[in-house]
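Quick one: the structure is below, and I'll ask about it shortly.
The letters A, B, C, D and E name the chains in turn, as written, and every chain counts its residues from 1.
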Amino acid sequence: MPRLMKKVSRKAGLTPGSLIHIGEKKLERARIRAINYDEQRFREEELKTIEESLPLKEAPGVTWINVDGLHQVEVLEKIGAYFALHPLVLEDILNTEQRPKMEDYGDYIYVVLKMIHYDDKKNEIEAEQVSLILGPTFVLSFQERAGDLFDPVRERIRGSGGRIRKVGPDYLCYSLADAIVDGYFAVLEKLGEQIEAAERELVTHPSPKTLRLIHGLRREMILLRKSIWPLREVIGGLQREDSPLIADATRVYLGDVHDHTVRVIETLESYRDMLSAMLDIYLSSMSIKLNEVMKALTLIATIFIPLTFVAGVYGMNFKYMPELEWRWGYFMAWLVMIAMATSLYAYFKRKKWL
Amino acid sequence: MPRLMKKVSRKAGLTPGSLIHIGEKKLERARIRAINYDEQRFREEELKTIEESLPLKEAPGVTWINVDGLHQVEVLEKIGAYFALHPLVLEDILNTEQRPKMEDYGDYIYVVLKMIHYDDKKNEIEAEQVSLILGPTFVLSFQERAGDLFDPVRERIRGSGGRIRKVGPDYLCYSLADAIVDGYFAVLEKLGEQIEAAERELVTHPSPKTLRLIHGLRREMILLRKSIWPLREVIGGLQREDSPLIADATRVYLGDVHDHTVRVIETLESYRDMLSAMLDIYLSSMSIKLNEVMKALTLIATIFIPLTFVAGVYGMNFKYMPELEWRWGYFMAWLVMIAMATSLYAYFKRKKWL
Amino acid sequence: MPRLMKKVSRKAGLTPGSLIHIGEKKLERARIRAINYDEQRFREEELKTIEESLPLKEAPGVTWINVDGLHQVEVLEKIGAYFALHPLVLEDILNTEQRPKMEDYGDYIYVVLKMIHYDDKKNEIEAEQVSLILGPTFVLSFQERAGDLFDPVRERIRGSGGRIRKVGPDYLCYSLADAIVDGYFAVLEKLGEQIEAAERELVTHPSPKTLRLIHGLRREMILLRKSIWPLREVIGGLQREDSPLIADATRVYLGDVHDHTVRVIETLESYRDMLSAMLDIYLSSMSIKLNEVMKALTLIATIFIPLTFVAGVYGMNFKYMPELEWRWGYFMAWLVMIAMATSLYAYFKRKKWL
Amino acid sequence: MPRLMKKVSRKAGLTPGSLIHIGEKKLERARIRAINYDEQRFREEELKTIEESLPLKEAPGVTWINVDGLHQVEVLEKIGAYFALHPLVLEDILNTEQRPKMEDYGDYIYVVLKMIHYDDKKNEIEAEQVSLILGPTFVLSFQERAGDLFDPVRERIRGSGGRIRKVGPDYLCYSLADAIVDGYFAVLEKLGEQIEAAERELVTHPSPKTLRLIHGLRREMILLRKSIWPLREVIGGLQREDSPLIADATRVYLGDVHDHTVRVIETLESYRDMLSAMLDIYLSSMSIKLNEVMKALTLIATIFIPLTFVAGVYGMNFKYMPELEWRWGYFMAWLVMIAMATSLYAYFKRKKWL
Amino acid sequence: MPRLMKKVSRKAGLTPGSLIHIGEKKLERARIRAINYDEQRFREEELKTIEESLPLKEAPGVTWINVDGLHQVEVLEKIGAYFALHPLVLEDILNTEQRPKMEDYGDYIYVVLKMIHYDDKKNEIEAEQVSLILGPTFVLSFQERAGDLFDPVRERIRGSGGRIRKVGPDYLCYSLADAIVDGYFAVLEKLGEQIEAAERELVTHPSPKTLRLIHGLRREMILLRKSIWPLREVIGGLQREDSPLIADATRVYLGDVHDHTVRVIETLESYRDMLSAMLDIYLSSMSIKLNEVMKALTLIATIFIPLTFVAGVYGMNFKYMPELEWRWGYFMAWLVMIAMATSLYAYFKRKKWL
């Protein structure tokens, strides 16, 4: 069960801008990869120290520096100094409990997003914070751990023909955001399959396990909502932002991502509706099942209790009980009892209780 | 049961603008029909290759090219090249999981809508994506399969007298949107009938089948909402769009369609309210029914259990039990038992439990 | 039970502007009444043919032409031609499934409203569509059947003293809208009385009939909402509309009607809240009642079952059962049984189950 | 139980502006009190006829005329004539079913508010309509009955030192509105106490009485909402109104009242949330209680029924029943029965049903 | 259980601006601390009388005067006079039932916030009102009691290196607001832990205690909402306020606090969703548990009641009962009974009731 909220309070009261990594340490050592490209050239290297990235800032073409792992605060401090980032930006990159947002600092645009993927082993959604910084010639990206959602983008850069090699860092930034949003679809599909499985189970053989399944899915929806709703604002903000860093041609593409985020939200909301409809159905199925069992009890008990009474009557030991002496008394008792059972049965049948 | 969400994730990470058909292949071969008309002339033909449509782009009057079937990507690629469509538009036409939207690309307006109809055989709603492209002299329409909702529009074009022959492609585009929205009314009528049938069943003889019916209808509402709500935005956007492609005279007609979509939405919402009211009623009907059965049990059991006890007492084998020796003991026992039954009955009657 | 939705789909696909009457035929023959007045003069006549209204259009003063009954399409066609109405307006007048709306066509303003009244005989709300057309010197009104809600307005015109005779057709139009909104209050009062009656029943003797009553009222609310909410937009739109057809002095009066519609909506919403609160109460009353019956069963059964067991024990036929031979065995058995009953009773009492 | 809606329909169809008092007659005779003051002077008198107020309109300083009782229509007619009020204003003052609103008529501002107080005797909220008219040198106030909420304001005017004596009628008008809003706090406190009492009852000994209490409180909330929500609009409207009648210095004070109304609304909404949370708790408490009783029944019945069966077996009269002849048969029967009871008890204990 | 609403009505009707302390007296004696600093200098002193603060107003650098304890009205009166505060501001500082708000008085900005912390001893949330006044060279802060949330800010001022020493009072004001918002996170973490604990309890062993826990948490959410929602408006207002008192550099930091408040709200809302999901689960768990117990009863009772009947039959004392004389009658009776029990058991098993 994922935690509802991580510990952030130990930071309370510190100077704003103090660099402290909040979150789990998910990687042993920060890994820095730099890609520099333009339409003709392409260079990719893994940096050992952050100082190596220094010349890249001034290099022609587009530079993309990707940092995996955030716990080495000194790495971030140096990058912050080289690229002249605001102290609050550095603080937000390190605080992995950040809300998705977009901020225009003039020289660069800072974007925080949540990247999610479904961990099939643990059977739960994993969220990771991704920070993007879009400058005039560079894009910096910070991930909590080495992920593979950005690999297709790298692939497209390596292939020399694509649009991505012809245009600026804003398009690269869009491509990364697009990859992240595509990750949401993959997770929603997984959830959709689970909801459908739960629905089938609900129809065929509802059980308390189904209830726990539904509850688990609702819980995931509630947590997912918190990262999905701000996503739309962020992408919409990027699209509308009146900044020279974003070319008009790129805005069309951002509009496309924006549509995707809206679809993600609508899908999520329809899942929520579906789940609460399923909960209603589950509860009433359960009550109907109890109903049936109760009716069976009613039938059997209500038919036998009067018969038992009759048997009890003729089991009494009174000295003077004329029926006991009759030749056909026993058979008459049986007749009486069968008549009672039959008429009760007919009564229930007529009342449609059977 | 229609799927909650189709597979789109296999596309995740591809270059934006890569043309891949997402959705089921619903037709063997794409079918291309072209109509060219103005007030005097009218020509309709079925194209074998998409190249034949080339001269139509330059032809005088209004040209309407309708493509049924989307899986032949090369057809779309050629059309995209001839009519200079943006790569994202082509991608969206092929991705049948698109959210209804309207985008103004300057030279043309791109509209995505969902066309629905009720499949009486499968007893479920079928949705199909329709893409419309409105240019200065042409309308392109892309359907997933050959539908008949557009036939009345074709009929009106063939008939020479109507307004449609006198005005431009914007009015044709409006007519197609109008036909699609009319399709929603037909489906809502079907659903309305089903709701009324379920309501009648609910009043006369509620059963678990009714519950499943209500659940199925609610599920359809949830899925329908996802295509209906954006519909309003799309039509409203078309009406307000400040584009030379849409004449002012046509805006009045678009306003009319807009009113229809609002009515569709309100009808859907009132259906939802109705269904959740019906679910409440169903659940309470069920509990009332159980109530009645329980009360019958209560009555019969609660009356006979004490009597059985009395009979049990006089079935004991104690040596010294004075009552057993009495001449009228047996009759007195009967009297006691009848008195007990009668007073319990009267008590229940007075308490209104009967 | 009023229908959820009338058949409109048979119209689907027709040319927009084709005149087809959608709705029930509620009157044998259309009835046309014309009133022409100014501060000094007043003339009222019943027209046999619509052609007679022709000179009235040019007549000095204010002209009010009222048409009861819509199924005679040719009547409407002629009026449309005389007064130069847009084809969509004529279509909307005939389609009685129209959503309330207001449209400014420059030369005239077109208003659609729903007029409701409570039919005491059928015990249900009847809705009727009223179309108003406000021109520079005339008001046209179209009703589905001869109603009496407009009679007080006619009365006020006949009386020579009122403000209505001194001002233009906009004030007449306002008076008609005001009369329609007043009709809503009358219906809401009826519903309020029914809700109060249901509430009294709920408190004194809730029964499944109460449930059906509450459900029926909720159903009516859901249908009523669909005509009431747009009403506010319509009146608010009229008030704000920047048209020379509406004098500023009249806007104050329209503001008053607007306040009334807001009050109608708020009353409806508070009724809805009330009804859902009542449903909660009903369901819990029912469960409490079942509760009580169950507890009575519990008590009686739980007290007698152990006693019956004791009686059963001494009804066994073992050869060696010392108690059976005791002189006071029978009385001791009674003592044991009475002690058991008393202690169970005391236990239940202490647990507050009684 | 307060009525859901008062009769207003008898007014339907009358000329707008016709003066008819709608509401109960709460006072025998209208009482008119006039106060005229400026920083130096102060004069207070009770007027016998409305004509006496005539010179006050022209008097220097601020004049406040307060009318208690609305059923004497002629009084109002005269005031309307003296102060040149719009006929709709007069009509609205008399119609005590008015929705709170604010209207700027240029020469004066017309404000309708609902004044509420909690009637401890009847144990219900009483609402009364207050109309305020703010002119350049005067304030007119109309109450349905003589209330005491305005007395503190009078007191402050009598005391010569306060700010109220130094500033214009807008500040007086603000003071009256402030007094009315303070009245809401007093009522909300009463309701808060009742909710807390109901909550205590809910925790200690929930009973159907608690349910009725909760229902009654919810009902009051629903009715209260109808007068509270518009209140905010009215005060906010006054604050923003661009009228020379309201000095900028007074706007700060109106902002303060506005904050109070927002707090009133938030308190009401949190009460509503609280009450619906309490209803949930009540219903589940009830079901838990039933649960416990049911379990006790289960236990006792399920333990004794098998024992009774065993006793029944050895009560059979077969000729050849070997156990009956055994020396220790009776004791063995007891052993069997005790073993059965104990193992059932242990089973239930292990299952945590006890 | 915290009170729903404190008594404010005793103030009703007083002159606006009359200084009365509303709230509990939480401190014996007001404590006044003054800090004056600029980049070089730093002076901190505890004032005995408020007069000592007089020279500080004119002192160079930034002055922060903090008052703990509000019941000494005369202290506030003097401060109000020295710093020329509006009477309404003074009144609001004293009324601790104020709604969080921000007001720009030109010369200074007045901000009211609620500071909360979780009292581990009482196990409840404690709220305290904090008023901040931001002037051109000073910040005044008023607390109900000596808190420690501001201590880290003091620490940062004492340390000479931080940004806080280099910039103006707006940054100090931001730091205080930031400290308050951080306090909300700490409380939300506590609540999050409690919710998770309740959720674990719900899954492992739900009991009425869990229900009370959930209800208590929901209640706290409802009360918390009232102070959290306005918080966002206040901080957002400060950020947007077009006042020379707030430097542009500080707006970035305020934006950061604004993001935090949005995250606080979203967390609270997701807690609410979670709690209502948990309530659903609790109720259905309870009903499932009852279900199981009921089924056990059903099984045992329904199996034994027919057997008891059979035993009763052969306990009858009729003279002529052939079976009684049979040699193997008794064993046959056992066979019959075992067959009945087995077939009932098999029937229930097949029906999946076991």
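Definition applied: a residue touches a chain if its C-beta (ideal position, glycine included) is under 8 Å from a C-beta of that chain, and two chains touch if they have at least 3 such contacts.
Given the structure is predicted, the values throughout are model-derived calculations rather than measurements.
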>> Going by the touch criterion stated earlier, list every chain that contacts subunit B and also contacts subunit E.
In response: A
>> On the document's contact criterion, could you list the chains that touch subunit A and likewise touch subunit D?
In response: E
> Hey, how far is the Cα centre of subunit A from the one of subunit B, in Å?
Replying inline: 26
> Using mean CA coordinates as chain centres, what's the subunit A-subunit C distance in Å?
Replying inline: 42
> Taking each residue of subunit A in turn, which ones touch at least two of the other chains?
Replying inline: 287, 294, 297, 301, 305, 308, 312, 315-317, 321
> Draw the chains as dots and join the ones that touch; what shape do you get: line, ring, star, complete or other?
Replying inline: ring
> Which of the residues in subunit B end up touching subunit C in this complex?
Replying inline: 149, 151-153, 155-156, 162-164, 175, 178-179, 182-183, 185-186, 188-189, 192, 195-196, 199, 203, 252-253, 255-256, 259, 262-263, 266-267, 270-271, 273-274, 277, 280-281, 284-285, 287-288, 291, 294-295, 297-298, 301-302, 305-306, 308-309, 312-313, 315-321, 351, 353
>> Please output the residues of subunit B touching subunit A within their complex, sorted ascending.
In response: 1, 3-5, 7-9, 11-17, 86, 88, 92, 97-99, 101, 103, 208, 211-212, 215, 218-219, 222-223, 225-226, 279, 282-283, 286-287, 289-290, 293-294, 296-297, 300-301, 304-305, 307-308, 311-312, 314-317, 321, 323-330, 333
